[in-house]
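Shared between the two complexes below is chain A, which has chain B as its partner in the first and chain C in the second.
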Partner chain A sequence: MNTTNSSEIEAPIKAFIMTEFLPGEDAGQLAEDTPLISAGILDSIATLRLVEFLEKTFSIEMAAHETDAEHLDTIERIARLVRFKKSPLVR
Partner chain B sequence: MDALRNPVPAFANRPAAAQPRPPAPVEIQGSRVTELAGLAAVFAQVALIALIMRNVGLEPLAFRRVVYIAAVGFVINHLLPLRFRPRFFTTLSLCSMVVILGGTIDSRIPDLALGLVRTGTILAVGAMVIGLCHLPIGFWSRVALLVVAGCAIAIFRAGLWESGGLAVVWPVLASMLMFRAIVYLYDLATSPQRATWSHAGSYFFLFPNVCALLFPVVDFRTFWQKYYDEQALVIYQRGAKWMARGVLHLLLYRVVDRLFMLEATAVTNGAELVQFVVCNLFLYLKVSGVFHLVVGMLLLFGYNLPETNHRYFLASSFTDYWRRVNIYWRNFIMKVFYYPTFFRFKRWGQTRALVIATLWSFLVTWALHLYQTWWIKGEVAWSWPDTLFWTSLALLVLANSLWELKRNRQRKLTTGHYSAREAMGLAVRTAATFTVIAVLWSLWSTPTVGLWWHLWSLADWSTVGWGALVLASVMLGAIGFEVLPNRGPRIAATSKESHVTSRQFRLDVLYGAVPLLVLYSVVHPQVQLRLAASGSAGATDLNALFHVVSEKDSDARGQGRGYYENLTSQDEGAGQYFEMMNPGQGRRYSQPTGEVEGVHFRELIPGTQFKHHDWSFATNRWGMRDRDYELTKPAGSVRIAMLGSSQVMGYGLRDDEVFEAAIEKRLNTEHSGKGGFEILNFAVGGMSPLGQVWLLQARVRRFQPDFVVFIAHPNDLEWSNRDVVRTLRKRFSLPPAFPLEIFDQARVRSSTPEPFAVTRLRPFESRMLAACYQSIVDECRRMGAVPVYVFLPVPMDLPLDEKNTAMLLRLAAEAGFSVVDFSGIFSGHEPNELTLKDQGRHINAEGHSLIARELFDRLISDTKIDLFGQGAGISRQDNLK
Partner chain C sequence: MGALGVKLPTQVMSLHSIILDGVDQQPAKPAVIEGSGTGSMDYATLGELSDRVRDRLVALGIKRGDRVGIYLRKSADGIAAIVGVLKAGAAYVPVDPTGPPPRNAYIHHDCEAKAVVIEQCFVPAYREELARLGGALPSFIILESVGGGAPLATALRTLDERSPAGAVATVESAPDDLAYILYTSGSTGKPKGVMLSHRNAVAFVDWCSDAFQPAADDVFSSHAPFHFDLSILDIYVSLKHGASLVLVPESAGKDPLALSQLISRHRITVWYSAPSILSILAQFGRIPEHDYSRLRLVLFAGEVFPIVHLRSIKHQVPHPRYFNLYGPTETNVCTYYEIPPAIADDRVEPFPIGRTCENLESKVVDLEGRVVPAGTEGELCIAGPNVMQGYWNLAEQTARAFIPDEAGKRWYKTGDIVVENPPGCYRYVGRRDRMVKKRGYRVELGEIESCLYGHAAIQEVAVVALPDEAAGVKVKAHVSVRDGKRPSLIELKTFCSQRLPLYMIPDTFEFHPRLPKTSTDKIDYQTLKALG
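Right after this comes the complex of A and B.
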C-alpha cells in the first residue's frame, strides 16, 4: 500500500541526519539499520528537530509517543513510520 | 496527548504491517554443545558474582538470596522451550517473593506461611491496580481511579490503618507500582498491542524488586519489545557483565565510604572541602551498583533491557549528564512528560515549547523524587538544598538544551575522528561539567544551605591544588574511556554480528571471568590472613584496604547522607523491611544517644523515654539508664559508679532485670544497716576504655563515688584502638598518660583514613589499652574512689581467647585495679541459654541474674575491694593520698 518509493523517503531523511547531526562524517557509515537513538546520535533535541523536519517535508503529523526508539531508531523505522502516516488508510 | 483522551489506542486502525511488533526471538547459532558451553560460561560468572557477594557480605542477605535464585533460575529458564519461559519467570518471581517476604529476624529459614500471606496481598492489590488500567473507560477516568487506589494504599503505608505483619508489604508494593503503573497506563493508551495478564504480571512483579525498593523505572514497551531480541547467550553474557560491574560499583562505594567520606560538619580546611565534594558525588555508586545488578539479573532471563547508567562522571555537558546518570528515569520523564508537553505547545514555536517542556519535566522530577521518598521511607521533608539542587539542574539543562537547539552539538558516527583539539575540548568540557555537578551534588547532600555556604569559606590554595588534581584525573578519564577505546566504527547491528560462536562472545566471557576470578581471590579470607601474617608496612595497608572491601554486611548501617543514601539505607527505621532483608540476624542494636561536644563519644540522652521494638526504658535526668539519684551522695551511704557497655546498660531487659539494679537492691536489703548503697549505672553501649576515661572526668566525678566498678569487655583492645583513631582524626585530646610517640612509629596522622590507621596501630594496641586503664585508675584515685575491674565475657564468643584474656587481666592489675576475673562465669551453660533470642550478642535476664549473684558475692567478700568493714572511707583516704 506504499504511495512513495524507497528513495523518496529514506534519501531525504538520511541527508537531513547527515547535514544536521553528523556534518563531516562519512555518509557511507550511516546505513538504514544504523541505530540512531541507542547510539546517541538522535538525542532529545535532535529528535525534536527531526520531527519538525518530517512533519514539514512529508506533510505528516506526529504524536508524542512516536518519538521513541521503536519508531525512530533507524532510518528504516523512520521511513516505515512516514510511509504509514502517508498511506491512504491514515490520510 | 490526543491518544490519551481516547480509550481506544491511536494505532488500533493501523494495518498489521505498520504496527511495531516484538521481534521474533533470535535463534542461537552453533551446535547444542556450543550452546551449553556458552551457558556454562555465563553461569560460572554469575556463580562467581554470588560467591563474591557472599564472601564480602555485599548487600543484605535477602538480596544475595535473590542473586542465588537468579543464578540457578536463569539456567532452568534457558533450558525450557521459549513459550514456557515468560510463565516460568513469573512463577519464579512469585516464589522469590514468598521466600524473601517470609524473612524474619528469628531465623534464617523463611516463614513460608508469612511469605505467602504477604505475597498474596501484593498480588491482590497489584492485580486490582492492573485491572484499573484495563477498564474500558476514558484515559483520565482510569487515571482518577488509580489516584483513588493510590490514596487507599497510602493509608496503609502511612500507618493510619494498622496492618501488623503486613506493614512491610506497602513499601514493596509501592516500589513495584509507583512508576510502573504510570508507564503501563501510558503504554496501554498509546500502543497497538494489547497487554496480556502474563505480560503485566512479569512486568509488575519483577523478582529483584522485592529486595531493592529503589528500582530503575523499567519501560513496559521496551521490556516486551526487547524480549530475546538478540541471541540468548549474548543477552545473558551482557547481564553477567552488568552484574559484575554492579559488584565493582558497590565495592568502590565501600572504599569511598570507609576511607575517604567526610561529614559536612567534619570539614575543616580547603583540602577536606575537595574531599567532601568529590566523595559525595561518588556515593551514587551505591545506586548505580544496585541498578546494574538488578537489571543484569533481568537480562539473564532474556529481557534485553538497555544500560541503566553510562559513565556518568564523564558527561561532557549538563544535557549529557541528564542522559547518562539514570537513563531509565530520563527515558520515563521524556516519554510521559517531556514529549507530550512539547507536542502540546509546539505550535507556540520550538524554543518556547522546549522551555516549557524542560521546566515542567524537572518540576515533575523533583515532585516524583519526593513522592518516591514518601512511598519508600514513609516520610518526606521539604528542604532548601533539595529545592535549590533541582532548580539549578533544571536551569543548567535548559540553558544547555537551548544552546544545542541553536548551535547543534557535535555528534560522531565514529570516534576515531577525534583530532587532538577535539579530544582536548571534550576533556575540558567533561572536567567543567564534573565540577558543576559535584558542587551541586554537595549542596544536595548537605543538611542546610547555611552549612554548605560555610564550607566554601574554608576554600584556600589547597582547594585549588587538590581540585586541579581531581579535574586532571577526570580529563584523563574522558580521553581514556571516551576517545581512545572507540577508534573503530562505533555502530554495529549487534544482533547480526554478536553470537555465541563469535570471537567477540569468547572475548566477552574472558573479560568477564578473569576480573571476577581476581576479585574473588582478593576478597578470599585466606589471602587476607596471609597478608596480615606478612607484617610488612605495604601488606598492612593492603590488608586494611581488603578488610574495608570485604567487611561483611557493613553497608546496612544507615548513613542517610543525601537523597539516595537516605533511600537505600536499611537501618532500624525501615522496621519490618530491615528485618525481612536480614533474616535470622537478630535485631540491630540501638540506644538513645546524643553527640557530645568536643569528644567523639556518645552519651545517653537525659530524661528520655526510649522504645526499641518491644524493649523500652527511661533514662534519668543525668543520662543514666537507672533510677533517679541526687547529685550529692547521701551521708553515710556507699556510692558505686558502674561503667561498662551495652551488657551493663542492660540491652533488651526490663529495669529490674539488669544486674546493676539487682545488686543494689540486694545490698540494701541484706545490708540495710550499713547506711545504704547506691549503684549508679553509667554504662553506654559501645563505650571503650578511652571513652570511660572521658566519662569519669566529665560525668562521674561530680557524683563523688566511693568505688568505680569498670566492667571490661573482651573487645577492649579493638574498641580502644578504634576510639583512639577517631579521637585523633577529629583532633580531640587524648589522656595525659597516652604514649603519643606511637603515632609516629605507626605512621599515623590525623588525616590517615580510619581503616589504615587502625591496622597500622594494631601492634600498639596493648600499649594504648594500658594507657587507657592507667588513666581510669588515675582518675579514680583523683576522685578518691577504689577502682575495681571486672572482666566479663560475652557468652556467644565463648570459648575465650585465653591469650587476649590473660593480657587484659595483666594490664588491669598493672594499672592498679582490684581485679575480678569472671572469665569462667558462664561455664556449665550453653551460650544460647544466656543470650537474648532476637539479639544474640546480648545477655538475657537469666545471664544478668547469674552475674548479679556472682558479683554481689565478690563485692561483699573480696578483701581488696573492702566494700564495707573499714568501708569506703579508708580507701578514699588512701586513694586521696
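Right after this comes the complex of A and C.
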C-alpha cells in the first residue's frame, strides 16, 4: 500500500524541526511551504541531523545528492521525498 | 643557490607566470576536474582559454592595476577566468555565488570593478543592486552557465563575433601589483577587502612547495570557495606543480557522503579544508565504505579542530600526514604544526598552531606593542612577504592593523592572543576583539548586529558567540523589540538570509524587554554571555 496520509509524514517532520531548530517559535509560523535551508533556518549541520531523523523515523535511506535545498527546502518537499522513498516501486 | 650555498634573492615572479610551467610541459593533462562530473579542462585549454579572457578584458579597456569581479559557481570556467584576469594585469575579486546579491554588488561597487565575469542567473539581481548603489557600471562578460569551460568559451566567442578582441601579450605584473582582493566580514557592518599582491601570493605558494613537496601526480581537492583564502593553496600550488585540481561544487561542500565519494572517485592525495568539514566527514562520511588510500596530506585551517573529531578522523584514516595551518587572510598561512601520529586518549587540549613559516618573522606583544617574554600571553604579530598591502579604501583600518618597528618593518597584528610554549611553538589562546570563526569563516559579530538593526521591529541587539561542543561555536542574538511587536524566528532568520551569508545567521535568538546595561549605559555583553 502506498497511501500514507498527510499527518503521518508531515506532522513528525514539523514537530522535529520545531523542537530542534525553532524552540520557542509559534507553531503557526512554520507552514508547509516555509523555506528552511534557503532562509537560513536549517544550516548544514541541522540539515544532516534532519536527514538522520528522516532515515530513522521513516526507515528510508537518502542519497548524497538528495540532502540539499532542492529536496529538503520545505516540509512539503521533504514529505514528497519521503513518500517517494516509501512507495512500493522504490522499495 | 649562490657559490657559498647562500640563497640569492631572485626576481619575484607574478602569480600567473609561476603556473605557466604546467601549461607548457603537459598540455593534455587535466588541470581542473569538476568533482560534480560536469567537466574538466586540460593544461593546454586552460592556457588558451585564459589567454582569450585576457584579450577580451584588454579589449574592454582593463589595464594593469584594475579590478575584475568574478561571480561564478565553482567550475573550470571560473579557474580560466581567474587566470585570465591575472594575465590582463588586473586583480580578481571573487564573491560568494551562494551569498546575497546586495552583499556581492556592494563588494564590486566598493572595489570599483571595471569588469565582471558572471553567470546569467546572477545578472538581474546583481545589476539592480549595482544600479541602486550608483556609479559607473562595470563591463559584463556573461556566461549562460558554467561547466568544463565551454560556457566561458561560448561567451567569449559571442563577444568576438560582435567585435573581435585581438590577441595581446600577457601583462608582466610587478611584485607589488594586486593579484586579488578577498572580502571578509567587517566590524562596521560592511565587508572589507584584504589586498594581496603577487609578491604576497607567490611567497606563500613557494613556502607550500617547500613544506609539502607537491608533485605532478598529486590530486588536490579544492574545497574552499574562491573568495576564501584557503583556495589560494588549492589553486596555485596545484597548477604550479602540474598536478590536478578537483573542484568540490558548492552543492557538495557540506555533504559528507558526497565528499567521501569524491575523495574516493578522484583519488585525492592532498585535502585542505576547515576542520568542521573533516569533523562531519569523521561523523557522517561512512569512511570505511570509501577509498581514502591515496590521501597523503590532510591540511586544515580556519578554526580550532575539536580534539574528539580530529582523533576520530585520524583513527579512521591513519596513513596521511596531518597539518594544522594557521593564519588570517591578511597573511595567509603564517604558522604550522604537524599533528603527531598518535593522539593520547586522555588529551582534551587542542593542538598548538605551531612554528612560524620559514619565510616569515613573528613576535608576541602586549597592549603597548612591547615584546613579552616567552611563555607570556600576548598578541601575535607577523612580518614578511606574505603580509597584505592593506584594506581596500580603508586607510585608517589599515594603519591600525600594523605596528611599524624602528627598522621600518611592518608587523601585522593578527588580533589573536597566543602563548609561546615550548620555545618556537605557539598555542592559540583566543581573540582580542569581537571576531569569531564559525566553520572556518570569519564572522564579525558587529556585522550581524548592523544587519539586525536594519529590521524595523528591532530596538536593540547584541550578538555573542558561545562555545558549542558539536559546532565549536554558536552565535546567539539577544534582542529587544519596539512596541512589544515580536517578530517570529522564521521572519528574523529569513531577514538575515537576504543580507548576510548563511554562515553568519545567528543560531539562536533570545528576546528581552530591554538589554542589560553597564554603569556607563553600554550593552552589558558579559551578563549576556553568562546567560549562555
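The working rule: the second predicted complex is superposed on the first by the 89 of 91 C-alpha atoms of A that agree within 3 Å, B and C clash if a C-alpha of one lies under 4 Å from a C-alpha of the other, contacts with A are read in each partner's own complex, and residues count from 1 in each chain.
Throughout what follows, a residue touches a chain if its C-beta (ideal position, glycine included) is under 8 Å from a C-beta of that chain, and two chains touch if they have at least 3 such contacts.
Quick caveat: nothing in here was measured; it's all calculated off a predicted structure.
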item	value
Contacts of A:E20 with chain B and chain C, given as first, second, both or neither	first
Partner chain in contact with A:R80 - chain B first, chain C second, else both or neither	first
Touching partner for A:S44 - first (chain B), second (chain C), both, neither	both
Partner chain(s) touched by A:D33 [first = chain B, second = chain C, both, neither]	first
Of chain C and chain B, partner touching more chain A residues	B
Touching partner for A:A64 - first (chain B), second (chain C), both, neither	both
Chain A residues contacted in one complex by chain B, in the other by chain C	22, 24-26, 29-30, 34-35, 38-41, 43-45, 48, 52, 63-65, 67-68
Complex contact set, residues of chain C against chain A	251-252, 254-258, 261, 280, 284, 439, 470-471, 488-491, 493-494, 496-497, 502-503, 505, 507-508
Touching residues on chain A, where the partner in the complex is chain B	1, 20-22, 24-26, 29-31, 33-35, 38-41, 43-46, 48-49, 52, 62-65, 67-71, 80, 83-84, 87, 89-90
Residues on chain A engaged by chain C in the complex (per definition of touch)	22-26, 29-30, 34-35, 38-41, 43-45, 47-48, 52, 63-65, 67-68
Parts of chain B lying in touch with chain A, wherever the complex brings them together	1-3, 10, 13-15, 18, 20, 186, 190-191, 221-222, 225, 306, 319, 323, 334-335, 338-340, 342-343, 350, 354, 401, 404-405, 408-409, 411-414, 417, 489-491, 493
